[in-house]
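Letters A, B, C and D mark the chains as written, and numbering starts fresh at 1 in each.
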Amino acid sequence: MKSLRMAKRHLPKFLESLGKWGKVYVPVKLGKNSYRWEEFDGEVDNIALDALRTVIPAKKFFYKPREVMFEYDKTNGYTQACAECEEDVILFGIHSCGIHSLETLDNIFAGKYVDNYYFTRRKNITIVGTSCMPDKHCFCKSMGADTVDEGYDIFLTDLGDDFLIGVGSSKGDDIVNDNPDIYEEVDESTTKRYLEFRNKRDESFELVLDTSDLPTILDFQYDNPLWDELGERCLACGSCSMVCPTCYCYNVDDTINLDSETGERWREWDCCLFRDHALVAGGHNFRENQGGRLKHRYLHKQQAYLGDFGRTACVGCGRCIVACPANIDYVECLKAMRGEMTSA
Amino acid sequence: MANRKITVDHLCRVEGHGGVTVELKDGKVDKVQMDIYEAMRYFEHFLKRVPYDQTASIACRICAICSAVHNIVSNQATEDAFGVKCSDQTNLLRRLYVAGGNIESHALHVYLLALPDLMEPRYHSALHMAQDLPDVAKIALDIKKCGNEIQDIVGGREIHACNTKLGGFGRIPKKDELKFLRDRLEKTLENAAATVPIVKGLGIPAYLKSENTYVGLVPYGDKFGYMGDKIAVSDGTVVDVHDYLNVTNEYVVPYCHAKYSAWKDKPFMVGAIARVHLFFDKLHPTAKAVAADIGYKPPIHNSLFNSVAQVVELVDAIADSIDVIDAVLAEYDGSPKDPVVKPKAGKGTAGIEAPRGTLYHSYEYDADGNCVGADIITPTCQNYGNMEKDIREMVDNNPGFSDEDIHFHSEIIVRAYDPCISCSVHVINLDKQ
Amino acid sequence: MAKPSIGVYGLTGCAGCQLNIINCEDELLDIAAAVDIKSFIMAQTGNVECEIDIAFVEGAVSNEKQKKQLLDIRERAGLLVAIGTCASWGGVEAMINDVPREVAKKDVYGDTMKDNPFYDCFNPMPLKDVVKVDFQIVGCPIERPQFIQAVASLLNGNLPLLPTYALCTECKFKENECLLIEQDKFCLGPVTKAGCGARCPSNNIPCEGCRGPVFEANYASEVEIMLEKGYTKEYIAQQMSTFAGTISAEDLGARKLVKTDIP
Amino acid sequence: MLSKQTVKLDPANNPYKPRLARIVSIKPQAPDHKLFQLRFEDRDYAESFCTRPGQFAELSIIGVGECPISISSPPTRKGIVEMCVRRTGRVTNALFDLPTNSMVGLRGPYGNGYPVEDMEGNDLLMIAGGLGMAPLRSLLWYALDNRARFNRVILLYGTRSPEDLLFREEFDDLITRADLECHVTVDKDPTGNWPYNVGVVTSLFDKVDNLNPDTTYAAICGPPVVYKFVIDQLLKLNFSKGRILMSLERMMKCGIGKCLHCSIGHKYTCLDGPIFTYWDAINLRESI
């Protein structure tokens, strides 16, 4: 893989050149302690380079919280609606866990039936990753999502004065070649500085979850009363799923216009912690209590998805831990299931 | 001549539930009474137990049409109690927000509620009118919509703001949003101008001739406006807003869920006609030009002209809002430092000009900032006495009126005041004098 | 086919939900063309009280006269739709349902009106306590798009589908900073029904619960969270009572699940 | 950057897109149950539409919504898709309001269907309760239309009362057919005119002699109680768990393994089911 170096002062130029490939989105700060991706306004100072986790993860670019799938009319049926799917977007500032999360979503939206909406965007979105320094809620290392070798077009690693530029795709190469003046070859000191960075980062992880045999352990713990205790606290507010980069379930509904002829079919992010997620006609609910719903979410991530795709549907970003108003902590809970003493 | 009794059971096209009863004895008016049977909600209990950061959002639920002014004046009364001073930007945005409420409310009242009565032929509603005159209805709705857009963007919601708070706003509208509103206002000004010929041609009856006493808040500065801390009476008296009780002099009547007001034992009138009467000179030049075009020049004492005064105010509010937006943009601050709001024991009072007249809120707080007393006096209450006066005069001056005529004209008189009945019954009394 | 006939009625409330129907400026003429408005006292004269297909009723029930009127509307209407939080939950006026109305009356009007039957009323109740309600469009006031969508669905012959989840979900869609978590504010988002687009939190103002509770509102957990943040029981009780009926500080937390069968 | 997945993007083939179909006939069955015959507007597609018994399709009522419904017609009869529907809510109510010749949306077929290849050469025991007859009917006619490929074919069908019996007009023939052992029962017979068995569906086991658990596949479909009692009975008869087939119902939004509503453990009812063996089901907690 091609690696280059870019002095940090060239960042404005770099971002400017990205603009040629589409609309650039960068993380910006909002409120006291939160971030979100917004369209780049040209001011490099407004970019929150230190943003660890945005409120909503990168999935929103590929799979909208609410989107029109079809427009319909009663005579001609359904027409696919997704003009903006075709928009070229550059996603700047996604971290390693985020890139891994896209792979987990790919697995779902590919397969025998390909989700056009997701993959049309996937094709049109350029990924420019950046390195990060974990905080106390990050456990991506335990989930095997702390480093990436592929899945990006360009990846920027912060080496102090320079960025190490990893070029990961032919499009990434085009971007780099477009603006050759700002890059330099890697040099002697690069290796050293890179290793220093890696070591420092490795040592910064405070949160560790042992995942060995977790699926089996979760089987044993199926009837653990802790599930119901957590269920009592859970408000079914949906925050954890909305902010999770790998949660993907959705709901579909149709709205009709006042003419009773035309309308739209929508889909909207859903959450397995909601009361009506497994409710069927006639009022039977396959997951009647909140503890069972919570368990379903955890088991899906650590057991079911793993069984299907060989990796967990969690990348350890810590968003659900931060976002839960009831302080329900994913890692603490799983640790408790392993029998590790915690205060979950 | 026989005794007659005419009852309007349910006033339509007004906000709230009420009627009118007129009784004649030997051809002369014996009794006129407003029957306000809107159910009471007892806001004093709601307010008396709520913490200071909740008063405005609960108080604005008194009434939907006047929600914007209830919300702002409630915040101002609490700020008065705590000694909070707001920034210039906050004051400008509040001015804009209140103007938005006024544009919406006046457009609704003039074009959708009052116009159908005064057109030839008469219509049951603006929707019926729209079948014959779709363009008028569309323009009217678009003007109204602009008012709602202002309230939505600045206040956070078209009814019952959720962006206002003590000391300012939760979120400052983005520059783009303000620019969008500015464009909309330019367009709305054209729309409003387009309605002038219709307003000119209205057949407004001329049987109300006696002199009205007008009351209104003296606007701050040299511009026409809706906020001030002095109350002016058309006889020349000026009263500090903290002494509002000396102006309103409320009393209770047995047939009505609202309280009545009187100035020197005589009814008075608040609202657009009063404001334009008192502060004509301060109107925006564009509004003055429209007034001249319509031929509206104070003094005017025919209360039925209130709707025309509302058109003049509507134009003023639109033109002024454009200026306000320019002023906000000139010194735009997207993340202001709001004043610190610290509760303390004490009383605070503020007045504001609601679309239908002067509105007062006054609160008393304990040291923790819990509301322990509240008094709210709404414009419609202050106007009930004058409405009765006008209905009397209508009957007296038209001896030939049939029962149907009296029924109809009672309705249009009441409607001209643009009464807000749901506001009027939620009066609150702190010091029972 | 004959146009469906509708009526719009207001009981005890601020008329905001009715006003928000009139506020549908862009759609009002289309709605008026699609239905036959038999009665809408706030907007038209010449109202007829006859059999109607759909009644939209705003406001809580707070006196005998209104109770009679509501029963009459129910008789005449094919479908009865509660519009707004007052009609669905009681609204702000039900906030003081722990105080006898007599006391409240004396406080406002003094002793003068003590024996005046004209002033009789009872604790405001949601419509569902008096009649069968087929559908609720909540909100203080109702959201215009939801009203339009509901009308469109009803015209098409189906009950509308409105969000059933909590406000937090919508707040996340908006990507707001969480005021409860990051700023320790008193936010009722986790137990309040979504549908407003998280208006308040999007303006940095915590949710005050004006849309009423979700189907299974975990009040107990919300109370726990707020106590931990240092809010007093009285404050919590007051906040939770503002729109959805009185809860006293003593029953806080006892009311875990608020359940209703009305969609 | 495209993922490691080999993804063939075919914009013209959106798997979520319903194809237009017309209701060619509506036959009332029991109260609140009707049989709809549908035909795709695109004739070529209609001919090529190929299903396995036990599969389902997503039916859209334009302007209202979509829901999964089993295909009741066997793959041996092409051109027409039959669906037997119970009126339960939004979508099904709207369907019941539609007259013949109305346009609806249809996409599918989805789901695994019955493992007919494995079942061929064996005895076939079908046990249905109530609306459970809807998916089983496709298997029944598949077997009857390919009669030579199966040994014994047995159908046990129970409903609450005589008027709830679905496909009534077919049953008069079926019961007399020599190549089918068909027994029907009702829980209660208020009419007194019911000529057949009265009792729950398990009581029909007495009417079937010499069931050989080693050469029989049992396909069950019905409400949860049916599963419970029938499975007990089959286990008593020494059926292996892998030879008991059940059809599960779940909330479904997409039908194609994306929306996650139908997931049970690591299985998706829509992709891996709706037909599961009892062994699968034991390992899927929450399955019944």
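Throughout what follows, a residue touches a chain if its C-beta (ideal position, glycine included) is under 8 Å from a C-beta of that chain, and two chains touch if they have at least 3 such contacts.
Note that the structure is predicted; figures quoted are calculated from it, not measured.
Shared contact partners of chain C and chain D, listed by label, are A. Taking the mean of each chain's C-alpha atoms as its centre, the chain lying closest to the overall protein C-alpha centroid is C. Note: centroid distance chain A to chain D, computed from Cα atoms, is 38 Å. Centre-to-centre separation of chain A and chain C, using mean CA positions: 37 Å. Averaging Cα coordinates per chain places chain B and chain C 25 Å apart. Centre-to-centre separation between chain A and chain B, using Cα means, comes to 51 Å.
Of all residues in chain C, those touching 2 or more other chains are 156, 161, 204, listed in ascending order.
Touching of two or more other chains is recorded for no residue of chain B. Along chain D, residues 63-65 each make contact with two or more other chains.
Pairwise chain contacts present here: A-C, A-D, B-C, C-D [touch as defined].
Only residues 1-11, 14-20, 60, 62-66, 88-89, 92, 103, 105, 249-251, 253-254, 256-261, 263-266, 271, 285-286 of chain D touch chain A when the two sit together in their complex.
Across the complex, chain A meets chain C through its residues 30-34, 36, 54-56, 65-66, 232-239, 242-243, 253-260, 263, 269, 271, 274-276, 290, 322-323, 325-327. Across the complex, chain D meets chain C through its residues 63-65, 90, 93-94, 97.
By the touch criterion given at the top, residues 10, 12-17, 37, 39-42, 44-46, 49-51, 54, 57-58, 61-65, 67, 104, 108, 112-113, 116, 124-128, 130, 134, 137-138, 141-142, 144-145, 148, 156-160, 162-163, 165, 169-171, 252, 254-255, 257, 411, 422, 427-429, 432 of chain B touch chain C in their complex. Of all the residues in chain C, the ones that touch chain A in their complex are 27, 30-31, 34, 148-149, 151-153, 155-156, 161, 164-169, 172-173, 175-178, 180-183, 187, 189-191, 204, 214-216, 218, 220-222, 224-225.
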